[in-house]
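Below: a set of structures, written as structure tokens.
Each of the next two complexes has chain A plus one other chain: chain B in the first, chain C in the second.
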Partner chain A sequence: MSFFKKGSNNEKNSISRETIFPTIEENIEYIQAVFCQTDDLAITETKWGDEKGVVIYLETMVDTAQFQRIFLSPVTDTKFSEQFNYLLASPELMKTNQLQDIVSEILIGSCVIFLQNKPVCYVYNIVQVNPRSPEEPDSEKSVRGAHKGFIESLEVNLNLIRERIKSPQLKMEYITLGTETNAVVAIAYMKDIANPTTVENVRTRLKMIKSDMIFSPGYIEESIEDTPFSPFPQVLYTERPDRVEANLVEGRIVIMSESSSDAIIAPASFFSFFQSTDDYNLRFWSGSFFRLLRLFCFWGTLTLPALYIAVISFHLEIIPYDLIGLVKTSIEQVPFSPFVEAVIMITTIELIREAGIRLPSPIGQTIGIVGGLIIGDSVVNAGLVSNVMVIIVALTAIMSFCIPTYEMGNTIRLLGLPVMLGAASLGFVGIVFAFMFIFIHLCSLESFGVPYLSPIVPTNLREWQDVIIRAPNWKRGYRQRELHTLKPIRASRGRAWDQHD
Partner chain B sequence: MNYQKLLPLFFVMTCLVILTACWDQRLLRDQSLILAIGYDKAENNALKKTVTFPKNTNAGSQNDEQNLSEQGSNTLSVIGNTVKNAENKMDESITEKFDRSKARVIIFGTDLAEEGIFSTLDSVYRDLRGPLHANVVIFNGEAEDALNIKSDQAAITSDLYGDLLESADKAGITKNKSVQHACPIILGEGKDLVLPYLSIDEPKDEVVVEGVALFHKDKMVGSLNIYQSTMFLLLSKQLAKYTSLNFEVNDKEKDPIKRFVDFKVQKNKRHIELNTDDEDIHAKIKMEIDIEIDEYAANHLSDEKKMNKLRRKIEHKLNELAEETITVTQEANSDVLGLGEMLKAYHYNVWEKINWEEVYPEMNIDVDFSVNIIRHGLLN
Partner chain C sequence: MINKTEISAFQLVFLLIHVQIGVGIINLPYDIFLKANSDAWISILLSGMFIQLIILGYSFLIKRFPNYTIYDMHLTLLGKWIGSLIIIVYILFYIMSGSLVLANFVYYIKTWLMPRTPSWVLIGLMGLGAIFILKENLQIIARFLVLCSVFLIGFIVAAFYAFKFANITFILPVGSSGITAITKGIAPSFLSFQGFEMLLIFFPFVKASNRTIIKSASIANLFVTLFYTLLVLVSLLFFSKDELKLVPEPVLYLIKAFSFRIIERPDLLFTSMWIVLVATSFIVFVYGATLGVMTLTKTTRLNYVITILTVICFIIALNIKGVYNTSNASTLFHMYLIPIFIFFPLFLLVVSLIRRKKEVNNE
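Right after this comes the complex of A and B.
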């Protein structure tokens, strides 16, 4: 419990006492002082059998109905000793005499019972939770398979994980972060699979975070990732319990924080951003096809506008004969250079996208129509942008949305710009230069000691069957080598009946 | 590391790359695409270059669909000392820069072709973006007229020629040769170049394929008509997808349709025997071809005897045509079959002693066709 003490340094300076005071009045005074006389601190005096007692809690944190039902009415009505024994048996009851514990317990929604002339007090957790139901996350929809998603409650989220992995080896570690907010962050991993060094690594980095609040998982990500200025995300976000399950069993580590529906999965490799849970529910052929399609989308998003710019400004001889007349007619009257033209169009699409996200959905759709159809059509008619460029940019945007993780899609769309700049200044050579930089960076990138581009770099052909295509589950007998798991071999003889003829 | 110090350096580097690199830009927007080039002989040993390029139809870009349908091409003729000289003069008279890398055909007028085509093509071989893939064509007349033709068949003149050549190539009438393919044949010894030969059909004002033009070195020396050129392609084992021939086999039939047989060549095998034992060299070409009867109104060919009879007639006609074809090439001294190359490869000591250019027109070339009818249609 040492981190609680760390978390409330300022109170400690004024009052040096650690254990509770002998009298109720002193305790009340102390707690009121700690909570700065806040108005939602309720202090209810009551009689507990023969003894005088007081219950202190934050009105805004406790479940009032529960409070009434299990607490006050039975306790005051019948014989104290009987009821008190009943209370003692309940798992939520905690006995303590540490003032700091009391303060932090009140903060998370417990009520504290002080009894006259007792050296300890009783802490009873009746926090009011108002979770939404675990609906399917909007950002990670799947066609088949489970449709549950994480919600903004850590307990519920961990429950969803435990529900899926019924193993004593699934270990959760709680760490409290945020000097002002005291948010609980949980690390979950499979004790018998995950690499202990990686776990230790994650744990140390989390503990090193010195921040006043953990406002969102983004805070955690930025604090623990290896290369903070890289455009590529180095941890994977998900709101899906099934994805978390798969990654835990694969030997990765999951970090979840209170009041957030995102789970952070580390270490992540480049290709894990292109996998979706749907792949594993589809048949092998379609699953593999969609995965290849996504990798193609990655290339397309990066290169398509750049290739077009390079071709029409440097290498026009490579346009096929039948196409060149068409392209030439469409760009004849455009007043801008191809690069500027592309930037105008890409900015427009990004504007439409950004506006569409923030607006309520009926207006969002209208923006989509107005932006997509009307602007697209009139921009071509006005001769500001050529219609081939509109096609190229629209196609690029659609390709980037095909990438199943939002962060990776954004990253690649953004990286398209430097590639385009290279194309506009040096043609194909420029594209090659831009790609060189990107790939050198990707090759040197690591996520918690795992090479980012594995299993391409370093090459491990056996693992390609799960990153380039999606091999049938019973074909994949090994965990990813670069994760260095404790159990490198998976139990995956799904078709054992088929082996003997 | 002190990033602050590196910043100006980074800025300078970026500027350097961006500013210097744009120098090489060739915007498609600013280029006029030459789609077909014609070369003619002009007075005083000058060269007349004619080009066609698509019209800038986007002038009033209000209605794009209309513009696309209104495509057309302009032609421009300029006289210069050399190809490049003429090209530079062209740039003086037009607002955009010419780009010839997408040219689909290069047309030579007969007058120029008879003087030699290699020196004219020289600039293409030197140019990084030269139209190496363009088909070289000889036009019976002036190339300028060829490019100024107005046809209903295609909106752009280059399309007209390009498509015509492609279909003629598929039908086994001519063989397309690109600038790149022509070079080794012109420069090599023992084989001569053959290029498609076109002309204008005067009454209809349409471009037609006349056959192929025969070359000796890089000079045009004669031509084969359509039938002869099909035979030439058969003899040189350049079987096209739809090589078909039509012969008159029953000259006594009353019904004119029944006099003819039309067949498609499915497979041809060639065996050339060069006899160098005697003083004079002679060649024996044995051809085995599999044919499919496409049309033969006289008979259903269910009878084997009748089929054999027809087979012999076809063989006879083929031999006649082959002889005729080879005589034309020998008269023009154009070794289109590459017999010289073969002699050089298999009998080098003989090749060293003789002067092929003198031997070829005089030598004996026998052709013997054996025909195998493999299919004669669904009817039995």
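Right after this comes the complex of A and C.
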């Protein structure tokens, strides 16, 4: 960076200048040069009383109508000094004489006002925002609870978080990332809860990102996660302010970037991907049941097709006598090996999913009908794939979609393939070895110093009540130990009235 | 030196349990039965008590050298030459343990699950798995072992289920085989406890007081003893004396006898679960050898050491073929047990007492 600055120094001395020039013309010339004579840089000359001035802004960034209404018209209409006092009181007004600040302010949608013979210039932020309303995110719907979701504006998103956590301890840190795009990334955490080392860790990793742009949170995730080649997601995405609130108060750290509706929550552990906001609004029994169901889905997605393949190709003797006839008639006419069958069906389902995901919903339904009903039915009738295999693969797909986080669902569906390969080549032994590799990997994973499989291993039985089942809120008196929070004990005497008796 | 990653006392318990419970559990009742007849379960209990005494003996060493592994102790107390020689004996011992585990593993898998799969595939997979986890640190190994304990529960449940078909007359009258038979049965049961002596290798890594460490080792020993007793007892109660002579892998035959509505042959599932228990003990044996090599050569290249040791185990295991070969190797291996379990640690203790040597605090 500095090398290039030096190069341009020789070319044009003015580039290296830090404070503004004495005359308006020089300033205009400078700004035009910096902005490469772009066409949407508007330069409007105005006169306030006796003083000549010029307003510079990017017309594509500034809300011109509002600018006219609250700023230009009162200034030009009445006496300058009076109006200026009014303006100075506005929180949006900033005074500066740093050229670098001026440039970055123009970039984020400010008007810059130069007055003749004044050593400072005024910056008035009046950015044009066109946010959509904070609707419920499609990827994380809930039955009960709040239905608000994040949108593509950092300010609105942070506002949604502040709205929920009214605490001076909620701290936001802004970091500008992307050498070309200068996007603002915010780190939010509870100063009195989050572990300072983890916060520092996140901060350093974010600051170390050298990228020309932060196109999406995926860029951030890839740059800050611990094990980049792991198939498992190590940070949690969410579009729900309530989920962010819960995780902040739990002691985790939230990263949000400009123009993205996703919040990244770190550190994440394996079981955070199986929790859904809905669990906490359901009764304890149903919440726990659904959570167990999802963990079962994890197992099912990984093992079900593999078990079937292993049983059919290696251990047919494991099938009970009553079932053997049924399975036999189903697979007798099929020309392929069970593994090929499974791969055909799984590819088909993935195709249907991939095709349906980006199509407009009416066509998406057609895909569902064509894919699900027609292909599923005729592929069996044609004798290409056995009945049981269709059931198994469809069940597996449904189980993988039960996992509440999209990333984890994908990961597990993908990991099912190597397990199946193991089953097809070595039967149960292959499955066991495939699982061994997966679980060794899971044991070695850590997300920002938090073991991925905690609290199962390293074991903390007390926390199982929030990962395996969902214990009632007033039962959970502690924050997750592995997060090493500053306040390990939660305030959770929800039923204090009941204990006096 | 190796990364001094710390594990908790809780994890130490599982570390010790998993290194002991391994390849032997499916034929353990048979081996002891051959010697001790229907009182095999008494032999197991007695050996468990004996092991407990040894563990208590170890506590003196642990107290004197709270931060030294047994390898470090040998080097410090016995000098460079003798110390290194004994460490080499240890390394060979653990390589041999690992190889025997692999050889037995292949033998039983070929008998029960995959008769036509080439040995090198099975051993190779096991070796790869071991390398995959050993390149991490002890903390992660410990996590994995704790996770694998689920399978122990499976065996315990199966054993309790088998009590449904138990015939108590098979072990009555208690003590009918006589004291000589029971004592003879201690030898094979002693072998099945192999691994507890690794306490002396792992205790410096445990983040707990010496008292807690001994307590954890005792808990592990208690669990292993009870687990073995349960398996032996249930096999004795399930099979008559004449039957038991014919079933070299009684635990699997026992499970094979059950059949459920959805699973006709649960033994296949249990053999698969047993693979994990085999893997865990193999992993820890290789890790024990690795620590020895690293103390001896003062190398820091963990990955090389692990790979070389695993490959050595792989080659040895491939060359131990068939049950006769295995038993010959085992006999050779038995000769090591007493020195490693008792003689070397005792010798160390005596030397340290005579030379009044304790651990220097600023190591």
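Convention: the second predicted complex is superposed on the first by the 487 of 501 C-alpha atoms of A that agree within 3 Å, B and C clash if a C-alpha of one lies under 4 Å from a C-alpha of the other, contacts with A are read in each partner's own complex, and residues count from 1 in each chain.
Here is the rule we use: contacts are C-beta pairs under 8 Å (C-beta built on N, C-alpha and C of every residue); 3 or more make two chains touch, one makes a residue touch a chain.
Only a predicted model underlies this, so the values are computations on that prediction, with no experimental measurement involved.
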Once chain A from each complex is brought into register, does chain C clash with chain B or fit beside it? fit
Does the superposition put A:I440 against chain B (first), chain C (second), both, or neither? second
Between chain B (first) and chain C (second), which does A:I161 come into contact with in this model arrangement: first, second, both, or neither? neither
Touching A:I151 in the superposition: chain B (first), chain C (second), both, neither? neither
For A:S337, is the partner it touches chain B (first), chain C (second), both, or none of the two (neither)? first
Inter-chain angle, chain B to chain C through the CA centre of chain A, in degrees rounded to a multiple of 10: 40
Touched partner set for A:V432, first chain B, second chain C, both or neither: second
Partner chain in contact with A:I319 - chain B first, chain C second, else both or neither: both
Would you sort A:N387 into first (chain B), second (chain C), both or neither based on which partner it touches? first
Pick one for A:M256: touches chain B only (first), chain C only (second), both, or neither. neither
Considering the aligned complexes, could you tell me the closest Cα pair distance between chain B and chain C in angstrom? 5
Which chain A residues are contacted by chain C in one complex and by chain B in the other? 314, 317, 319, 321, 426-427
Chain C residues within the chain A interface of the complex: 8, 10-11, 109, 113-114, 117, 121-122, 125-126, 129, 132-133, 136, 140, 142-144, 146-147, 259-265, 268-269, 271-273, 275-276, 279
Please give the residue numbers of chain A that touch chain C in the complex, ascending. 314-315, 317-321, 323, 426-429, 431-433, 436-437, 439-441, 443-444, 451, 453, 456-459
Would you mind writing out the residues of chain A in touch with chain B in their complex? 311-314, 316-317, 319, 321, 324-334, 337-338, 380-381, 383, 387, 421, 424-427, 430
Given the complex with chain A, which residues does chain B contribute to the contact? 17-18, 21-22, 24-29, 31, 33, 35, 54, 56-58, 61-62, 64, 67-68, 71, 99, 101-102, 104, 129, 156, 162
